[in-house]
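Look at the two complexes coming up: subunit A is in both, with subunit B in one and subunit C in the other.
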Partner chain A sequence: MLSYVIFTLTLCGIYALLALSLNLIWGGVGLVNLGLAGFFAVGAYASAIATGAGAPVLIGWSAALVVGAVVGLVVTFATLRLRDDYLAIVTLGFAEVIRLIALNERWLTRGSDGISGIKAPLKAELGLQGFSYVYLAIVTLTVLGVWALLRRLDLSPYGRAMKAIREDQQLAAFAGKAVLRFKLQAFALSAAIAALSGALYAHFQSYVSPDHFQPLITIYIFLAVTAGGVGRPSGAVFGAYLVVIFLEATRFATEWLPGLQPVQVAALREIMIGVALILVLHLRPQGIWPERIPKAPAPSTSPTA
Partner chain B sequence: MTAALIIAELKLDFYGVHVLRGVDFTVPAGSFTGLIGPNGAGKSTLFNAVSGLYRPKGGSVRLGAVETTGLPPEKLVAAGLVRSFQLARGFPKLSVFQHLMLYGASQPGESLLPALWRSHTARRREAELAERAHGIARRLRLDHVLDNPVTALSGGQKKLVEIGRALMADPKILLLDEPMAGVNPTLADEIAGHLTALNRDGLTICLIEHDMALIKRLCAPVIVMAEGKVLTQGSFDEVAADARVQEAYLGRRH
Partner chain C sequence: MILILQALINGLMTGALIAVPAIGFSAIFAVLRYPNFAIAAYATIGAFAAWWANTTLGLAVVPALAIAFAVTGVVGVVAEETSLKRLRDKGALIVAIASIALNLVLENVIRFAFGNDMKGYDLPIARDLRFGELRIGPQQLQSLALAVIIMAAMFLFLRYTRFGKAMRAVADNPDLARLKGIDPARIAIVTVFLGAGLSGVGGVLIGLDTSIDPLTGYRVLLSVFAAAVLGGLGSIPGAVVGALALGIAEEMALIVTPATYRTAVGFVAILLMLTFRPCGILGERAA
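Entry: the complex of A and B
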């Protein structure tokens, strides 16, 4: 049971990184990225391939960050003229393209067999139990670090400009903001974080295959950010933990329902997730920890000007 | 007198319709220039072409000595040209204070790394801008609503926020598209008072307005546009006496 809790918390952290990534791009500059699972896959494969070729794990993770950012830039450049629904559709297609590449470019990804035996850092030294503790610590610290950075960004002039672009990008340009620069940077950073999450996932599972990167992941992350509160990094992290724990809890909830086929149980879990989303949207449409308007600092005492 | 804004032969088409047909005029530095003309004369379109929303098809725009034809809005703002919109626009989820801060010129904190490190220069600039924002808010009597989202403001307050945030950008010239439209007469008077005071402090303003009493009181020179061109210009009394202006507003007499 304990190892199951450790497993769930590690998964929570990996989803929290994805939620932070989505919150940056969606809650920040207002771009709907339905291709999150694609960036997640890019990071997972990048690190799996790099470490498979003999690179140390840290180099694999760095490779995931860089490849993620570069792919993010490519996608942004390819979709410069798109907004809203159209961007969402293209990013959804992007994730599918990544999955198909993973499935068909066997020389690189070993196709549907997937890449197995991905290096688990320090597993030999620590043993299975020790590894799972240490890995949970690594993932949790990464979440904390990324959360702290993005929270700083959110509260900085940079975050203010991003939110202005999200609200009205034309007016933001008339406020003197270089809209394109903010979008490119935010998208690259967001893609890099999603890719890092993928890399952490790959070394956690020690196996990746195209099946791991279904669009459903993206939907779960949207659920997490919506439930937690769009536009607030803390809300995104909280939402991710909530969604993963809820997803895992539905396993137990369906156990005591008698006379159900396994297929029906699986469907029931998805129904419960849908109902939960509707409830959250109905009861707290702004999310559980919604975006806050920061207070103006007090003026200095001398009323000049 | 030096010129703050020089518009020469500016042309713009929409789907083959000549909306601007060679507009020529100059806004003298330090002036409170009025831009009037009947609906459809091309006044707002001219603002849009000058401020970077549309790329003109021909002609040129100069800000003082700097050629700015066809520059994107953010470059024009950096060069000192700031505008407001006919319908007060805002960022719904940002507070009044954030609106003001957003328009602050040259912010190091808007670069990724200084924002993440909270660099000294970024924090210092932020503090300077905050002082400035408080000063402008006091001046426009917005200081009691600083933390409100703009959606919670009255129509008149929204207009004041538009003016306030434009001031934050430290403009050389302010293009105002009907800042008093749809506002009750008392507040319109108050806004007019603010604008006069700002102009007296040296700010160049170019104002589109339909209320002739206000134009008469505030503006010199007055430029009259009709059918995509400048019809005439001069003091209010001069243009008001011009038969062509009366014709443009009232229609040809039969």
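Entry: the complex of A and C
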């Protein structure tokens, strides 16, 4: 039971990073990334392949960050100039293409067999139990670190400029903000965070395969961010924990339903996720912890930004 | 040479099938101004409705298609009215996200009812027609003919009927249309009925050739988007042109790349189009 709790909390942290990634561009510059599962996969594979080739785990995680950011820039470079719906369509396609590559480029990803035996840092020294505690700590500290960074970013002039772009990009451009540059930077950083989350996931599971990166993950994260509160890093993290707990709870709840096939149970759980997202959008679109917009400072005390 | 000609023929055939749901997607986008991801589920629901009519009631393809159209049209309107309509004033992205959730719900309702197994239509088996060295399946030919008839009917509807003209008016300028006494709520319902219905019919046409399962619609979603973007988002003739172009591009790519990368062609096509001509082949607005 304890190891189940530890496992779930680690998964919560990994989803929280994905939620922070989505919140950065959605709550920041007002774009959506429907290819989160793709960036998650890119990071997982990047780190699995790098460490498989002999690199230390930390190098693998750094590689995931860099590859994630670069791939994010390449994919969205052409699209970010256009209306937001195009980005939604392109990122959705991106996730699908990444899955196809993972399935078919056997020399790189070992296809549908997946990559197993991914290095688990310190597992030999700590034993299974010790490793799961330490890994939970690593993931949780990473979430805290990224959360603090993004919160700081939110409160900085940079964050204010991002939110100005979200609210009205023409006005922001008129005020002298380089809209496209902000969007590109935000997207690259967001993609890097999603990829880091994937890398943490790969070394946690010590096995990745294309099946781990279904588009469903992206929907979970959208539910997490909308439920928590778009535009507020704390909300995104909180939402991610809620969603994982909700997912696990539905696992137990469906056990109570007699006479259902496993496929029907799985279908019911996904129906509940979808219904939950629609309900949140209707009933509490601002989320549980809504974004706080700070008042503009009085002119006399305003610091130079 | 014969290889290229065969690819061209196959491309036009698959393109014509993709064109049907792509018209549905574009119609909804043109009038309601949001990308509706639930068309994937509508296509799946249509495919299953026709499969049920075909295997349980023993209906032939055409009446089964009519049933699929009606069922998905009604499902689409009910889904729109209950779960998307009230979100429209919160912006296109929010509605799009809700439509993804809706897609997940509907897809899993199908999975709950029918399971994950592949299902095939009960159709007479026929030999391929041969023209010299070119081969065409009679089933594909029938689907092509049906797709062309459906598209022609859609164009006649938009061109000559009151509802069709009103739809185009709302797509063109919603405020002006309202001033002229067109009720946007009614037009929205008609559009969603048509768009969902066409997606459902598209799901059947795509499934006739192979088999269907709960992911039938999701698998063509990217192709539908690619067709719509290639032709110009929101343009109905554009959706047809884009679908045909995409179908040909996919088949041509199959000559040089493995078949597993078929859906990737759509993605590459979107990226190239957005880089060099973001408004699409026939579109006007992009930025």
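We take it that the second predicted complex is superposed on the first by the 291 of 305 C-alpha atoms of A that agree within 3 Å, B and C clash if a C-alpha of one lies under 4 Å from a C-alpha of the other, contacts with A are read in each partner's own complex, and residues count from 1 in each chain.
Convention: a residue touches a chain if its C-beta (ideal position, glycine included) is under 8 Å from a C-beta of that chain, and two chains touch if they have at least 3 such contacts.
Quick caveat, the model's predicted, so the values are computed rather than measured.
By the touch criterion stated above, A:Leu149 is placed in contact with subunit B alone, subunit C being left untouched. By the touch criterion defined above, A:Leu103 reaches subunit C but does not reach subunit B. In the superposition on chain A, contact is made by A:Gln264 with subunit C only, not with subunit B. Of the two partner chains, subunit C is the only one that A:Leu277 touches; subunit B does not reach it.
Of the two partner chains placed by superposition, only subunit B is touched by A:Ile293; subunit C is not. In the overlay built on the shared chain, the residue A:Ala249 is in contact with neither subunit B nor subunit C. Legend: residue contacts after superposition of the two complexes on their common chain; A:Val5 is shown touching neither subunit B nor subunit C.
Note for the complex: subunit A touches subunit C at residues 30, 32, 34, 75, 78-79, 81-86, 88-90, 92-94, 96-97, 100, 103-104, 216, 219, 222-223, 226, 261, 263-264, 266-268, 270-271, 273-275, 277-278, 281-282, 285.
Those residues of subunit B that touch subunit A in the complex are listed here as 51-53, 72-74, 77-78, 82-83, 85, 89-95, 97-98, 101-103, 105, 107, 109-112, 115-116, 118, 122, 126-127, 130-136, 138-139, 146-147, 149, 165, 169.
The touching residues of subunit C, when paired with subunit A in their complex, are 34-35, 37, 83, 86-87, 90, 92-94, 96-98, 100-105, 107-109, 111-112, 115-116, 221-222, 225-226, 229, 233, 258, 260-261, 263-264, 266-267, 270-271, 274-275, 278, 285-287. Interface of subunit A with subunit B (complex): residues 149, 152-153, 156-161, 163-164, 167-168, 170-179, 185, 189, 231, 291, 293-297, 299-300, 303-305.
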